[in-house]
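What follows is chain A paired twice: with chain B in the first complex and chain C in the second.
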Partner chain A sequence: MTRRFTALGVLAVVCAAVELVAGRGMSPGVVWDVLNGGGDATERHILFQLRLPRLLVALGAGACLAVAGLVLQSALRNPLAGPEVTGVTPGAVLGAVTATALGLAGWDSPLAVVLAACAGGCAGAALLWLLAGRGRGDPAQTAVHGVLVSAVLGGLTAMVLLVEPGELGSVVQWLVGTTEGRVWEHWHLLWPWALVWGVAAWLLAGPLTLLRCGDDIALAAGLSARRARTLALMCAVALTAGAVAAVGALGFIGLLVPHLAVAVFGADLRRSLPGAALTGAVVVCGADAVAQLSSRLLATALDSGRLTLPVGALTACLGAALLLLVVRRTPSRTF
Partner chain B sequence: MVVLLAVSSVCALSLGTPYVPPHRLVAAVLDGDTTLAGIVVTELRVPRLLLALVAGACLGAAGLVLQEALRNPLAVPEMLGVSSGAALGVAAPLVLTLSLPAAVQPLLAIGGAALGGGLTLLVAGLGRSPSAVLLTGAAVAAALQAALLVLMVMADQLDLQLIYRYLLGSLSARTWDDVTGLWPWLLVAGPALVLCAPVLSVLRLGDEDAEALGVRAQRARLAALAIAVVLIAPVTAVCGPVAWVGFLAPHLSRWFAPVAGAVRWLPWSAAWGAVVVAVADVPARLALAPVETPAGAWTALLGVPAGVALMRSGGRRRTARHGQAASVGAREQLSELRRTASGVVDDVPPAAASHHAHRGEPGPGGPTSPPLGTIGTEDVR
Partner chain C sequence: MNESVGIHVEGVHFGYPGRPVLRGVDLTVRPGELTALIGLNGCGKSTLLRLAAGLLKPDEGRVLLGEDDVTRLSRRATARKVALLHQSAPAVPGMTVRHLVRQGRYAARGPLGMLREGDDPVVRRALRDVGVEDWADRDVDALSGGERQRVRLAMALAQDTRVLLLDEPTTYLDLHHQLDVLQTVVRLREERGLTVVMVLHDLAHAARFAERIVALREGRVAADGAPKQVVTPGLLAEVLQVAGRVGEDPEGGWPVCYSDHPIAAIEYENQIH
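And now, the complex of A and B:
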């Protein structure tokens, strides 16, 4: 187990290093120079004011989304309950966009954006709860209803955006999920929030492991299943909202990284929860590095400077492929 | 429904600036080019209304074809990746600033739609459990959406506004050219629909029964998908993916005529689709008066909750309304829902029993209407 953690940690460091040197402005040699204290003012600025916060935000957001996904899947006992599928992510996007459009919040008041995203996420989850009704026991049915909820929330977001068309340019990147142009303010906003709720999730790891076994076993072990589930859902919504407010709706991280983590670290959440955080950080960071590299290559190949590949598009494609694989590989199951 | 259609048509023709009172509409149309009102009505509002009706009818019919062919009440173009594919096909040349003749655009849309739908069905495997198909469709749609968003990020601010509006499904500023561009496709799709409707009602029986009756189920399903693509793609090329009409319209038609077959539902579904889009276009034009909101946003907002409510309440209400005679339809709907839920049919004996009771009196769906009771018993796994 320790060996797996170490391996993943090494992978994270490698991804972070690649991410640091992958961007467009500087060659790896220059980066090394700057790290050793050399380089001119511009290069120092690029490295310390742009690349480093971007790297940290990518790591933090990935960890948040992965933990939120694992908590949701354990609490609802539903292998398909990612934050994207349960209406939490679209709700959070809607909340953040609405607050920005109404002038209640902006990039100068970051806490308000997070709170608005949180409220929106709760609303999305509540909507799904209402819509799913009696059929909420069945995973696939809930997932299908979640897609419907996402459609409704997407329509609302579209309305808000059309009322305030000036916001459109900056918000589109948010809808995909991108780490482009994230600076220290975003990181200072993200890490206290992520830390508080991450610790809360860690404290809930034991009860959540019991909940995974089923309500009867959890009750027999002396756990108040309802209360634990409510706390866990709150935790998941808050973590998702924080990540969405920082980087936008990164597709499929919260749905698929938990499966990866459980496959590697086992079903005991006390181990797999930190494992999921690490895996999520690695996946988002790696995807961001690949996105930067490929947009650099594409820019030289197609000779157009404005071409940038948002990391959200990459994770969505990756996630879609993985989801197809999962659905395809379980032919006898009903979902 | 006729009342609703008439009211929304009159609203669409008379409201707005300049306001043309309903009793002067005829005079305005007869005047033609001479007065301002005449020009506005004949050149702007009439084509727009016609386009709304045609687009709605196409989407409604396509939705019903998909739902019946896959025997899945949630199989809608949006969930199968068909709409996203078509939108991608249209948006790509717009962003990449390739200049193409207008006639090619529907072809591109058709290519995209066929790609999306075909990919979904190919990966999911035909005739697998409905939820698997839907989840696969959601994944394919998400991947296509991601590609679309990459395109949007690449576009500059002006293009972005245009594409965003288009992607939500807007009917604004459509003229006679757009309407006339549609009808060759309708000429292809109309006869095909008439031909495939009886086959659809046979497919409802389940694959084994359909094969026994001489229908090649897989091939029929592919044909149905092709028809749906031909119906959806030109509409998407002209006015964007007007969301969830293909979900709402078939459920409305089923709700009003519970004991009927696909043959009967098909025209009703098309009519309801037309009504839905025409009704949604009125608030889209007028709600935030100087700004046009896209009709697709309204259909998504209102269509999904309404459709789910109809789907859910369908079974219960029907039993109360039609009493014992219609219990077959209710039970069929229930078992359909339950199959979506679990993939396991657990009410075979009652369904089969009522099927025998029902066979004596053929339903109002005409001679081709199938005995509905058997639907629950054959499930393709």
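And now, the complex of A and C:
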């Protein structure tokens, strides 16, 4: 188990290193120089004021989304649950976009964005809860209702955007999910939030493990299943909202990374929750590095200097393929 | 702690909207007794077990575990007194035997206690009790039906309660594993003085392993007593709606049933449709 954590930690460092050198305009050699105290003012600014916070935000957001996904999947006993298919992510996006459109929040007031995203995420989850009604126990039904809720919330977001186009550029970034232009302010807001709710989620590892066994068994073993589930959902919504406020709706991380984490670290959530955080950080950071490298290649090929590929586009494509695998492997047997 | 605990069910009514299930059940299970609950599907056997485990609240009447009213106890406090083995359980991907059995300690250790590492002697004893300690690190989902049932029994035993409720512990098992599970229950009950109530569909098992048989019919107790008194052709007809004869095991002396055919199958069908 320790070796798996170490291996993943090494992978995280490698991804982080690639991420730091992946951007345009600075060769790995220059980056190394700057890290060792050299380089001119511009180079230092690019590395310490742009690339480093971007890297940290990518790591943090990935960890948040992955933990939120694992908490959701355990609490709802649904392998197809994830922040993006339970209305949490689209709700958070709607909250953030609406608050920005109404002038209540914006790039100059990031905390308001987090709170608006939180409120939206709760509303999205509540909407699914009401809509699913008696079918809550059935993973497939919940997934179908989740798609419905996501579509409705996406439509509402589009309406807000049409009425109040405002900062359209930054809003579109939210919709797809990107780490472009994230600075220290985003990181300073993200890490305490992620730490508090991440620790809260880890403290719920015992009840969550029992919820994975099904409500009947959990209740018989002495767990107040409903209360535990409510607390767990609060953690999941808060973590998702934090990540959405920082990087937008990064697709499929919360849905698929938990499966990877359980495959690697087992169903003991005391280990697989931190494992999921690490895996999520690695995946988002790695995807962001790949997105930047491919942006460079594409820009050269298409001869367009400003072209950038958002990391969300990449995770969505990667995720769709992996989701297919999960769906085919999901067991439905009882004993 | 090691004192046996009895169950007192007093005038319990319970139902779902438009469908009464239990219509006034009175039952006292003495400490250390091994009781079998029998009856047709839907007669309220499982409901009675769930009420005794505090998972449902009676509409009328009350259920006492020892001295305590079950509905007044917290979920965790109840689970420290009574363990319930459900009829079926969903798959638990990625969980090992040891890990699943460890979940039985939740009531004793609490949410934060579950975070601590460390082997629990009660978990080790539970694994040993059902003879699964040799493959405790295998995945639960990879086991056969009989093995899984033993693991689930171990999880209930890990709750270390004085009362053990088993809802059809032998369903889906072949005869070999049915006897295996029942004999384990009988042995543990003798060793530890557990109070055991189990729902059984097989009257032969009930007559052989239980000290006392309680028959439910349409939400009421229809017969109650030692197997020899209760298992009669009359009981077969009235409670199980089967025509049959009753003999005696030539060696053990317990009653043996020879069931012939369902009674008034057509009327019964009409009644339920």
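Going forward, the second predicted complex is superposed on the first by the 326 of 335 C-alpha atoms of A that agree within 3 Å, B and C clash if a C-alpha of one lies under 4 Å from a C-alpha of the other, contacts with A are read in each partner's own complex, and residues count from 1 in each chain.
Following the convention adopted for this analysis, a residue touches a chain if its C-beta (ideal position, glycine included) is under 8 Å from a C-beta of that chain, and two chains touch if they have at least 3 such contacts.
Only a predicted model underlies this, so the values are computations on that prediction, with no experimental measurement involved.
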item: Fit-or-clash call for chain B and chain C when the two complexes are aligned on chain A; value: fit
item: Touching partner for A:267 - first (chain B), second (chain C), both, neither; value: second
item: Which of chain B and chain C A:111 touches, first, second, both or neither; value: neither
item: Contacts of A:209 with chain B and chain C, given as first, second, both or neither; value: second
item: First (chain B), second (chain C), both or neither touched by A:1; value: neither
item: Touched partner set for A:217, first chain B, second chain C, both or neither; value: second
item: First, second, both or neither for A:10, with chain B first and chain C second; value: neither
item: Residue contacts on chain A - larger count, chain B or chain C; value: B
item: Minimum distance between Cα atoms of chain B and chain C in the superposition (Å); value: 10
item: Overlap of chain C and chain B interfaces on chain A (superposed complexes); value: 331, 334-335
item: In the complex, chain C residues that touch chain A; value: 53, 55, 74-76, 78-80, 83-86, 88-96, 99-100, 103-104, 106-107, 109-115, 141, 145, 148, 155-156, 159, 172
item: Touching residues on chain B, where the partner in the complex is chain A; value: 74, 78-79, 123-125, 128-129, 131-132, 134-136, 138-140, 142-143, 145-147, 149-150, 152-154, 156-157, 160-161, 164-165, 168, 243-244, 288, 291, 293-294, 296-298, 300-301, 304-305, 308, 312, 340-344
item: Chain A residues touching chain B - in the complex, by the definition given at the top; value: 80, 131, 133, 135, 138, 140-141, 143-145, 147-148, 151-152, 154-156, 158-159, 161-163, 165, 168-169, 172-173, 175-176, 178, 251-252, 306-310, 312-314, 316-317, 319-321, 323-324, 327-328, 331, 334-335
item: Residue numbers on chain A that touch chain C, as the complex places them; value: 77, 79, 202-207, 209-210, 212-214, 216-217, 219-224, 228, 262-263, 266-268, 270, 331-335
